[in-house]
Amino acid sequence: MFDINFARDSFSQILAATPLTLLITFGATIIGLLLAILVVIAREKKIPGLSQVLAVLVSFIRGTPILVQLYVVYYGLPQLLVLMKGWGWNTNPDGLPAIVIAFSAYGLNAMANLSESIRAAYHAVDPGQYEAALTVGMSPVKGITQIVIPQLTVNLIPNFTNIFLDLIKDTALVYNIGLVEIMGQANIISSIGFKYLETYTDALVIYIILCWIFARILRLIEARLRQRYVIAQ
Amino acid sequence: MLLEVKDLQKQFNGHQVLDGVDLQIHQGEVLVIIGPSGSGKTTLLRNLNFLEHADSGTMHFADQTIDLGKPSKQQVQWVRRHTAMVFQNYNLFKNKTAQQNIAEGLIYGHGVDAKTANQKAAQALKNLGLYDRRHYFPTQLSGGQQQRIGIARATVLKPEVVLFDEPTSALDPELVGTVLKDMQRLAENGQTMVVVTHQMWFARNVASRVAFFADGQIQEIGKPADIFDHPQKQRTKQFLNALADNY
Amino acid sequence: MNSQKILSVIWRGFPNTLTLLIWSFIFATILGLALTWLDLRKNRFARGIATVYLNLVRGTPPLLMLLMAYYGLPVLLKAIGIDIDHWTRMTFGVLGLTLGWSGYLSEAFRSAYLSVDRGQIEAARSVGMPDRTTFWQIIIPQAAMIALPNIENLVVGLVKATSLVYVIGLYDLYNQASNLSNQTAGLHQLQIFVLLALTYWLLVLVIEALFRLIRRRYRQMI
Amino acid sequence: AKTVNVAAPNGNPAYIVNTDHGPEGYYGELIKKIDHDLPQYKFKTTFTSQNAVFSGLQSGKYDIALNNSWYNKQRFQTYYHTRAVGLDDLRLVYRKNGKKAASLNEVAKKNLKLVPVSTDDARYSVLQDYNNSHSKKVNLKAIGDQSSADALAQVANGKYDVALYPYAAYKQVANSKNGKKLTASKSIDQRSAYLLVHKSSQNKKLTKDLNKEIQKLYNDGYLEKLTKKYLYENTFALPNAKKEYNAEFNK
Amino acid sequence: MLLEVKDLQKQFNGHQVLDGVDLQIHQGEVLVIIGPSGSGKTTLLRNLNFLEHADSGTMHFADQTIDLGKPSKQQVQWVRRHTAMVFQNYNLFKNKTAQQNIAEGLIYGHGVDAKTANQKAAQALKNLGLYDRRHYFPTQLSGGQQQRIGIARATVLKPEVVLFDEPTSALDPELVGTVLKDMQRLAENGQTMVVVTHQMWFARNVASRVAFFADGQIQEIGKPADIFDHPQKQRTKQFLNALADNY
C-alpha cells in the first residue's frame, strides 16, 4: 500500500524543487514588504482618499482565501493588461509567465498582512521615543529612521515569522497555475504511477523542516535584537 | 525677556485645556509650575516646543515672533533646536546606549560630527560619574541614572531653555535626591529652566519664581515664599493644603 | 451568465462552509486548550509532546493537512487496527482543520495566559480565594479577553482555509464556484472567482463585526 | 447492494462533469448505465481535483477512478484495470493564423511552445513517452489542475502555440470567442482509456464484473453511441480503431 | 502578641534578600516599615501571607505555630484568610466591577453567601461615597478610587492584619490624601496594620511603631519620634537624610 522505497527515491527529486518554493516566498516577501511600507505610510499619514482605498483593499485581501486570489489574478491580470493595452500602454498580456502571477498574488497577500503587522508594531513603539527625538532637534525623518524603525523591527518579528511561514505553506497551491515547486514536483512524480501518498509524505516532511528552520532563524534574530537593545518583552 | 507666550489656546475634543495662557520666561531663571493633576501642565510644556500644536497664540523667542496657530516648519525646527525637554518617564532611546543617547541629538539634530559629539557625550557622562556605564542600554540602568542621562541629553545641546515635566515623579524616593541635585547645579550655572514638579524642597529652594496653574490658566505667579506662605487666591490655598496633607 | 445566478450556485456551498467553520473551531478550541494545558505543565515529557505537535502543525500546509487526514490517516490507523473509513467527508474535513487550528489556537491561549498580570492572581490569593476559583473567576476571563484579537485572526484564517476542502470532494463555497466554472467550460471564470472572493469577504466582515461587538462589550475589562 | 466509491476529476466537461442531476458527460452517462446494469453494486460518484482522485484511489477511499487513464506500466502495476471503456482521438490544437503543427515530431522540430499539461493527466505520460523515445524532444511543462478551456484559451491568445487534446476537448470550445481562433490537426494518435480500480480482494470481483459489462457495452454498440453523443465524432470508425481499442488490456 | 515571625530567611538566586527577620506585631497597632528601594520590604510582606514561600523561619499567629519553610496547605489557606493585602498597583480584578471586587473575596475566599456579600460590599462602597460607582470596572475609576476600593476589598474580610505595600506611591500627589485618610480612619478603628510607605506624614502621625528595614533585617524599630529624631544606627541616619533632601 505505502511504498517506502518509492517515497525514499522520490525525496531528493522533490527536495530539488525547494529553490522555487523559496524563490516565490522570498520574492513575495520582498514585494509585499516594499508595498506594505508604502501602505503604512499612506494610512498613517491619513492621505485622504488613498488611505481609505488602501484600507478597503487590505481588508479585502485579508478576507479572501489565497487560492481564490490566485485565480482572480490568474484570470484577471491578463484581462487588465489587455485593458491597459487598449488605453495605449505598452503591455503584453500574452505570454505572462506564471511566476509573475505568483509574485503578484502572493506579493499582494503579503502586502496586506505585513501592512497590518507593521502598523501594530509601529503603534507598539512608545510615542515618547519619537517625541524625545524631536526635542533633541532631530527632524521627523531622522526620528523615524534612527529611533522608531529599529524598535519597530523588534516588535514586528513574531508576526513577520507567522506571515513568512504562512507564505511558505501557501505556496503549496501555486502548482495550480503551473509552477513546479515542492507540491508540483510531488504531483509530477506521482502521476507516472498514480501513487500520491508517498510523495505527499515527502513534501510534508520538507515543509515541516523548512518552517522549523526559518522559525528558528527568526527567533534567534529576535532574541539577538532584544538582547542588544535590551528591550524588555 | 528670553521667551514670552501670549494668549495660548488649546482644546482637546472640545475641552479647553489651555485657556489663554500668558507666560514670560526670563534669561537664567528657574520657573517652577505647580498645579492639580490633569490641569494641563504637561500640555503647556508640550505646546512650548511644538510636540503638540496650539490652536492659537503668539510666541516671542529670542528675536523671533511665531504665530502658534500656524508656525512654519522652519520655526518649529528652530524652536526645537533651541529648547530641550526632560520627560517624566525619561524617554531615553531604548535602542541606543547611554553615550549614544547623549550624542545623537548633537549628531542628527545639530549637525555636529560624530567624533566631537561622542567626545562631548563621554565628557557629560564623566561629569555625572556614569562614564563606566556609557555602553549600557537604558533598561540596564536605574531610574535615577536614566533620568540623569536624560538631563545630560537635554543640556549637552546648550539649549536656551530646558523644559522639565515632573522629572522625579517616577523615581524611587531615595533616588529623587541625586536628580534634584543635578538640576540644582544646572540652575546655579545659569541655565534657564521651566520645571513642572511637586518637590516642595526644590520649589522653595531653587526656583526663582513659582507659578500656580489651574483651570487652563496661570492663576498666580511670584517668588516661592510669596506663593507658598501668602497665596492670594482661594484656589491656590486649597491646592497647597491638599499637598501639605500628604507630608 | 448573470451574477445573481452565479451567486445562487456559490451560496449552495454556504451550509458546508459554515458547518466546517463552526465544528472545526469548537474542536480546535477544545484540543487547543488541552495542548496549552500540556504545554504549561512542569513535566518535561508533557511539554515535549506539546512542542513537537506544535512544530509539526506549524510547518504543515493546510492543503496537505486535509489530504493526509482524509487519504492518509485511515491507512495509517488501519495498520494498527482502527477503522475510520466509514467516517463522512465532513468529519474528515473538520478533523483536518481541527488538527491545524488546535495548534495555532493553543499558541494564542498560551501567550494570553502568560500575559495575565501576575498581580491579579496574587490579589485573589490575598483575599483567600482557592487557586481553582482564581483560575476560573480571574485568570480565564482575563486571558480570554487578551486572546481575543488573536482568536479573531485565527477564525478569519479558518474561514479561508475551509476553501481547501475541495481536495476531499466536499462542496463548500469554493468548490461550488469552481465546479460552476468547469460546467460552463471556463467561460466565466473571472466573474465567478471575483464573486466568490466577494462572498468570502462578506463572511469575514460579518465575523469581524461580531468580534467588534464582543470587544466593545467587554472593553473595560482589560 | 454493495457501495462502490467512484472518484471523478474536475475540469473536463465533455467526459465528466458534475451537474445538479449527478455526473454527466461521456463517463457520467457510462457510470449511470453500469450502475443500472449491475444491481448488485451501487456506484457513488465523488468529484474532486485530479490529484485527490488518485490519492483517494491509492488509499482505498475510492474504488474506481472515473477518467480517461491510458496505459502506463506503473499504473497497471499499482491498480487493477478494466477493459477499455473508450477510445480517444488525440489532436494538436493551434491558432488558425499561428504556427501549424501536424505531428508531435513537428512540435519538437519547430520548437513550438506547448501548453503545460496537468501531471495527473494521461496526456502527460503520452508526451513523456514520446520524449523518452525520441531524441528531438517536445517542450513539456507540468501544471496542477487546469481545465481544458483554460489551456485552449492560452493557445487562442497567443501565450502558447499548441495544445495536445482529445478532439472533444477542442470541439466543445470551438464555437466560443476564443475557440473560433483555433483549429485542430488530423488525428495524431489514438489511445484506449481504462478504468483504474483500487487493489483489494473485493475489488477483484468488481473488476471482473465490470469487464463483463464493458465487453457487453462494446459489443452492443453502446460505447460507440456514447462516443458519437459526447465526443463529436465516432472514434471507433477511425482507421486504426480496431487495432487500438483495448490493445494494452493484457499488459 | 498577635503575630510573631522568627528568623525568616529568603533567597532569590543565591541572593539573601531576607536574612533572619524577627518581627512582632501587636494587636491593634500600626507598624510602618521604611527602608531603601530593593532592600526587601515587599518581599517581607509577601512572605507573611505566603504569596512567596520563605526558605525557613517560624510564625506564631493567633494560636497557631507555622514552620515557614514547609507550611501545610491548610496553614497557607488559613493565614491568607486571616490577613489581607493592599498592593502598590491596586491589583483590582480587572474583569470585575467595583462591587464584585469587594464581594468576591467574601464569597469565594470566606464562604459567605452571595447576597450577604454583595450587601456588605455595597455598604462598604456607601461608606467610601463610591456607591454610585459600584458597577464601574477598574479601568473606569481613578487611581485614588481604585486604591480606596482595594482597601475596602481587604478590610471587608475583617482580617486580623492588613498588609499595605506602598499603597500611595502610584498615585497623583493630589489623590494621596484621600487614601491616607481612609487608612487613618481604619487605624483609629483598631485595625492591626503593617504599612510599607514613604509618606512621612503618615509614619509620624499614625504609626504606633516605625521599623527601619535594610540589608535583609530590621535594623531599628521604635516609636516614630524616636526613629525619626534620634536614630541609633548610622545606616538609619543616612537613609533619613537622603529622604529629607527631597522635601
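The first chain written gets the first letter, and so on, giving A, B, C, D and E; residue counts start at 1 in each chain.
Everything below uses one rule, namely that a residue touches a chain if its C-beta (ideal position, glycine included) is under 8 Å from a C-beta of that chain, and two chains touch if they have at least 3 such contacts.
The model shown is predicted, which means the values in this text are computed figures rather than measured ones.
Visitor: Just to be sure I understand the contacts, which chains border both subunit D and subunit B?
Guide: A
Visitor: Keeping to the contact definition above, tell me which chains border both subunit C and subunit E.
Guide: none
Visitor: Looking at C-alpha means, what's the farthest chain from subunit B?
Guide: D
Visitor: With centres defined as the mean of C-alpha atoms, identify the chain lying farthest from subunit E.
Guide: Centre of mass proxy via C-alpha means gives D as farthest from subunit E.
Visitor: Any idea how many Å lie between the Cα centroids of subunit A and subunit E?
Guide: Those two chain centres are 53 Å apart.
Visitor: For subunit A versus subunit C, what separation do you get between their C-alpha means, in angstrom?
Guide: 21
Visitor: Can you check how far apart subunit A and subunit D are, centre to centre, with Cα atoms defining each centre and the answer in Å?
Guide: 37
Visitor: Of all the residues in subunit C, which ones touch at least 2 other chains?
Guide: In subunit C, the residues touching two or more other chains are 67, 71-72, 75, 189.
Visitor: Enumerate the residues of subunit D that touch no fewer than two other chains.
Guide: Answer for subunit D, listing residues that touch two or more other chains: 51, 55, 58-60.
Visitor: Can you name every pair of chains that touch?
Guide: A-B, A-C, A-D, B-E, C-D, C-E
Visitor: Which of the residues in subunit D come into contact with subunit C in the complex?
Guide: 7, 10-13, 17-19, 46-49, 51-52, 55-56, 58-61, 147-150, 153, 172-173, 176
Visitor: Per the contact definition, I'd like the list of subunit B residues that touch subunit A in the complex.
Guide: So the residues of subunit B touching subunit A come out as 49-51, 77, 80-81, 83-85, 87, 89, 91-96, 104-105, 108-110, 137-140, 153-154, 157.
Visitor: Considering the complex alone, what residue numbers of subunit C touch subunit E?
Guide: By the definition above, subunit C touches subunit E via 117, 119-120, 122-130, 133, 137-138, 141-142, 145, 218, 220-222.
Visitor: Name, in rising order, each residue of subunit D that touches subunit A in their complex.
Guide: 51, 54-55, 57-60, 65, 69, 72, 74-75, 77-79, 116, 119-121, 124-125, 128, 141-146, 157-159, 196
Visitor: Taking the touch rule as given, give the residues of subunit C at its contact with subunit A in the complex, in rising order.
Guide: 55-56, 58-64, 67-68, 71-72, 75, 156, 160-161, 163-164, 174, 189-190, 193-194, 196-197, 200-201, 203-205
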